[in-house]
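Remarks on the structure that follows.
Chain nomenclature is as follows: A, B, C and D, assigned in order of appearance, with residue numbering initiated at 1 for each chain independently.
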């Protein structure tokens, strides 16, 4: 076989590719020679933050990953938990922040496409999508543009492929102005014993690439490696924007599941960021084998692609599988049935090297271990900042009048109805959706047999900015509380850590403290981490984003029919404030409207243990079936939560909390925020039956078409119509 | 009754349609590339994004081999129900009058809407009581029903408009609030709302079941006559 | 041969896309813009341009709602870059 | 003045619509068709055609993934009906 092509890159190419001089030196040491262009391109991808987690891997080890229901933990394409009945639920959240900031429609769409491939790569049929979005204030035209296009992109992909988008969250805060966050979560179900892993095995087995043709998508950064002659060619030949094609992915999805169903595959892996390079090397690494890939056999969209371009292309809607030689024809026939391109492009080898060939010319030859395992991991140098690193938000409210405050909060972008967004998503397809957006705090899906799962995704980045440890705990508690409100018990958790540049000490501190908080909270609510994603370097010219550890929890409930609702249901039901509610104003939504500086630290109250106990008790109360509604108190506090309970079902309420509570600060009582507070309603007997740990305080009655609230000296008396107008227009006007 | 549910590349709602039809009889999937109708008594052309909605909704699916069999089945008087993308396909195929245009908002909308049943004497609505209102979801980007005015007059005069969006519920700007129509012979129906997503109160509503029951009753009567 | 097909919504039918673009242009300060319509552009290489009309009639356009125009030698266009 | 703007996906960018249409034409028996691309056609009356380029850059086209062509006097086209 001819010798390795000697083509070398320019001396500083590695820096343009994001590798440090020390890393480049280490590559040379591991290889015993300088890498050529193809090899350098491969290293630059696999040794990137995205693939190697060089700044976060050590910290991620803190997260609890074990649990009785965990079937597949972090490390596979998606995690999976046991949901009974022989079924597994696979799920994962992933970011697509930077592509979305460049081209929000395609960035968000391909984000959804990517997370869906992670789900069917483990053999699960995707059943649901959630989105977690962060933009600058909607007063900014750029934020409105990003919001509109990102939502359209998510809808385009999810709707077209026939997977229901059943929930999500969106926040608007100044620090996301330059660097929006687009995180997407997907869930899928599979027969428990049919989950498939991605380890390539069986020397001599064939590697088949199937799905879309390979083009120059997403190789913007790597184009520094292009040979001069092509570089001078038309720049339009160097696109870096990936275009999503949900139609192709729909065929790919059905084809992949069909192949698995027929037990034709040894291993399956999606091609995500870093394309063929990372999927092939990771399959090889997990299987402790090597892989030969002949790039000349890769079907191309553009004829003149160089080998390195083929290896790093991020063209969407492609999968890689390993197949025994005797089954190759069958595999190709199944692909043909689904009108999916499929080509054998390589072979599993014993020698643990990734060998890249053009026909029979070797153009790259790297030890799998060097690529996948040898990237240096860095220790962070966390340091708590001595002064606030975020500017105070602009003041947008002056009034101290409780009623004016309530209306302003309902209309503010972080609280107003999300209908204008979620109506752009098909939340129904596949006929499982028992609780859709705005019907309950968590989305609920019925399973074959009548049991159900619930899911919620959450993170208030501003509170994490105030206190990374406590804020991360609150994100987990909020998610668990949402699940409790429908009666669901956590099974597992996924997370997406969206942070700024971890090489800066205060970002390192945010990241470290947040992960410590997540770890503590996951243990407390019984939600092991089965997967996740890290997105670092989210910074704009004006500084870093708020630290945003987005948390998605899935849970189970015994009966879909018994799933809780958030809206008051019947005239005459009594209303109670329950849980471990201990509200304070600093860091709240109201404090934001007042333009207050972010506090340095949030109170540790209720404690994690107390909050977790309250959440668990509430879940059991909802499961007991006596309550008519349950809603957790989040942004905007007690007052806003009451209004939401009324608006969800267009019934009023009369609330009288009696004389001033606590320190007599009525605004704190009405609009202060804390974890683990709930509003429930139901017949008096059901309220009286609540356990002591929920510390139920009867505070009113359902009925009428007004919301009247008396808390100490504070009086609110407002027609539901006025509340509805404020709440329903708040975001609709920003998205019109 | 045995209902065939047609599946194209990009179809999404075929499983839902099958589940719904299974509540009133047997079902089978009809693959777009085949021609064999497998002895079905009724056909559903379900929703989704056949061929990715590329070029024009429904434009490519209508040429599938299976659609030739569907057209022949319809010519013989067999009941055919097109839901959403299925409606678009049947219009493109000339089995129903009119066309579906982009929603006035230009956006995809997923929403529970109220429908007025405008004609309860059809193969698709006979299980509804006269004056019935149905709560059924819509979800589409291209659902604005259009036909020339003269065609609309004729459709209305003939009782071919069978479903309308209730006042205030027209989500897409359809002319005359039209949500569903039948052909002049009454055996082919197209509608934008999704009755297959409304067959169980657990998931929101069971009003859509009336359409499937109507088809079952129609097929039962037809077989008695035959 | 390269061919170009222009497909536009029929004049009498509401074209919300055209209206939206028109409003957006006005909002951006572009004055004196009217009668905006948005249609589809299809470009293809074709061995036998005589087939183009049949392609339009059968697949590419829907005569109920659209009209089409075939430009069989687009390179002859008077264009500004 | 009437103006016409042709907007097409950039040469190397994935054009799923074009691919689907190409396959559909072949399936319908139209042979010798290649390189099909689907784009958008915008037609408008404009007082000041010098504005057209700015309109394309700011609103009508997405320069990241699309290229545009301004035909400021479309009536000059050699067209077949």
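Just so it is clear, contacts are C-beta pairs under 8 Å (C-beta built on N, C-alpha and C of every residue); 3 or more make two chains touch, one makes a residue touch a chain.
Quick caveat: nothing in here was measured; it's all calculated off a predicted structure.
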{"item": "More contacts between chains, A-B or A-D", "value": "A-B"}
{"item": "CA centroid of chain C to CA centroid of chain D, Å", "value": "8"}
{"item": "Chain A-chain B separation of Cα centroids, rounded to whole Å", "value": "36"}
{"item": "Euclidean distance of C-alpha centroids - chain A vs chain C, Å", "value": "40"}
{"item": "Per-residue overlap in chain B, given as positions that touch at least 2 other chains", "value": "51-52, 54-55, 60, 63"}
{"item": "Touching two or more other chains - residue numbers and ranges from chain A", "value": "245, 247-248"}
{"item": "Contacts with 2+ other chains: residues of chain D", "value": "16, 20-21, 24, 28, 38"}
{"item": "Pairs of chains satisfying the touch condition", "value": "A-B, A-D, B-C, B-D, C-D"}
{"item": "Sites on chain D touched by chain B in the complex", "value": "16-17, 20-21, 24, 27-28, 38"}
{"item": "List of chain C residues in touch with chain B within their complex", "value": "13-14, 16-17, 20, 40, 59-60, 62, 64-65"}
{"item": "Touching residues on chain A, where the partner in the complex is chain D", "value": "102-103, 106, 212, 215-217, 234, 236-239, 241-243, 245, 247-248, 301-302, 315-316"}
{"item": "For the chain C and chain D complex, residues of the former touching the latter", "value": "2, 4, 6-8, 21-22, 24-25, 28, 30-48, 51, 53-55, 58-60, 69-73, 76-81"}
{"item": "Chain D-facing residues of chain B, complex", "value": "51-52, 54-55, 60, 63"}
